[in-house]
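This is the structure I want to talk about, given as structure tokens.
Just so it is clear, A, B, C and D label the chains in written order, and each chain counts residues from 1 on its own.
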Amino acid sequence: MEKTRKIKNVFREGAITSEMIAKSIAAHQPKTDIGAHEIFLGQVRADQIDGNVVKSIEYTAHEDMANAIFHDIREETFNKFDLSCIHIYHSLGNVNTGEICLFVFVSSAHRVPARKALEFLVEEIKSKAPIFGKEIFEDESHQWKVNN
Amino acid sequence: MEKTRKIKNVFREGAITSEMIAKSIAAHQPKTDIGAHEIFLGQVRADQIDGNVVKSIEYTAHEDMANAIFHDIREETFNKFDLSCIHIYHSLGNVNTGEICLFVFVSSAHRVPARKALEFLVEEIKSKAPIFGKEIFEDESHQWKVNN
Amino acid sequence: MKLYLKYFGLIAELMKASEIDLEVSSGISVGELKSNLINGNQELERISFSVAVNQQMVTDDSVVCEENDEIALFPPFAGG
Amino acid sequence: MKLYLKYFGLIAELMKASEIDLEVSSGISVGELKSNLINGNQELERISFSVAVNQQMVTDDSVVCEENDEIALFPPFAGG
């Protein structure tokens, strides 16, 4: 596996905005070999536990290691599927309910590779990236988020 | 199958802009039961045929029938998967290469229903919606697009 | 009786029209109508097209048309 | 020899620290280090945690630590 791509910083402080997503989409207009984009957005849910409602998640990560892992996941995905682009952004710090904490963006000439690559990426990210989420409730108590 | 939702107009004149997509994403922030969005974007490809390059696609449709079919597809998708929202927009008229002609947006509490619903929707739209695309080449000749 | 025909995409191009009123003998089936249209324009024969009657797809050529039906002729779909 | 420990999420909360230098006997394995840490803080026992040595996940407890290794202790991942 040849690694020519640089390790990028996946992390952004705070929520990922719809403006940032729009910018990212618009940046692909000159790439006229693309026929299909698939996007995953993770949004912070106001989960209720015993009447206590989540108001935000505070994300922390082993940033260097996570960026290296994101890089490897990206490289593996490029090798497995016929893609034009992959972009991944994840929040650090506080993200309120209703805001977006994960943005995964895959582009391909055709829809099937884009779809399969997006599924692969999201599952890999959820299982392999050393990222941690502290769910903060409205009464300021907290619990630690666990992926399933 | 109960039909309580109104038939919406899926069609938009010309390309679907990144601003419109951003607006649609931002409109879901108050819905704090959502944990995952999945988005499909169809982009017009500059396909080459015998050295002739596609510069745009001109879309036409049986609009009334297509809107009714989109409605049925949407209802069936809501019945099959546990979703919060479905939004579908398709272009009519001229869409240049690099521009977006189809925007399918699915939201759910969890990622798996959103993913499966998006796949179902896109395949249903491609196979069932009476929409037609005239691929216009740089030399003003044309051919008719066929889905596969 | 009168039928209200709608042509789309490549079919509209071949028929040089997108909408047309057509007088047919009553009791005509979708299959008979298709044959009549192909007889009138041989180019139609080389494309696969589908038919909707009053905005419902029809897969059975023996379906009988009724007065004022909307008959839509579709080339292969190409949405997205 | 000295190890450079990093704690994350719930583990940082339980250990009341996110980074710490730890003196250990040379030749210590990851498994022995984990036992030592659990002995020092019983609450660690009730959570499942994983370990990375120099940013590589380690699944084999018999791996031996070396001077100045970075040892990261991770609670279950929760990205996205």
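The criterion applied here is as follows: contacts are C-beta pairs under 8 Å (C-beta built on N, C-alpha and C of every residue); 3 or more make two chains touch, one makes a residue touch a chain.
Please read these numbers as outputs of a predicted model, since none were measured by experiment.
Asks: Chains in contact with subunit B and with subunit C: which ones?
Replies: none
Asks: Centre to centre, by mean C-alpha position, how many angstrom separate subunit A and subunit C?
Replies: That gives a centre separation of 49 Å.
Asks: Can you check how far apart subunit A and subunit D are, centre to centre, with Cα atoms defining each centre and the answer in Å?
Replies: So the centroids are 26 Å from each other.
Asks: Using mean C-alpha positions as chain centres, tell me how far subunit A is from subunit B in Å, no decimals.
Replies: So the centroids are 23 Å from each other.
Asks: Going through subunit D residue by residue, note those that touch at least 2 other chains and give them in order.
Replies: 80
Asks: Could you say which residues in subunit A touch two or more other chains, in rising order?
Replies: 42, 111, 122
Asks: Let me know each pair of chains that touch one another.
Replies: Every touching chain pair, ordered by label, is A-B, A-D, B-C.
Asks: Inside the complex, what are the residues of subunit A that reach subunit B?
Replies: These residues of subunit A touch subunit B: 18-19, 21-23, 25-26, 28-46, 97-100, 107, 109, 111, 115, 118-119, 122.
Asks: With touch defined as at the start, can you tell me which subunit D residues reach subunit A in the complex?
Replies: Per the touch definition, subunit D meets subunit A at residues 6, 8-10, 12-13, 52, 55, 72, 74-80.
Asks: Which stretch or stretches of subunit A touch subunit D in the complex?
Replies: Interface residues on the subunit A side: 42, 59-62, 64-66, 68, 90, 101-102, 122, 125-134, 144-147.
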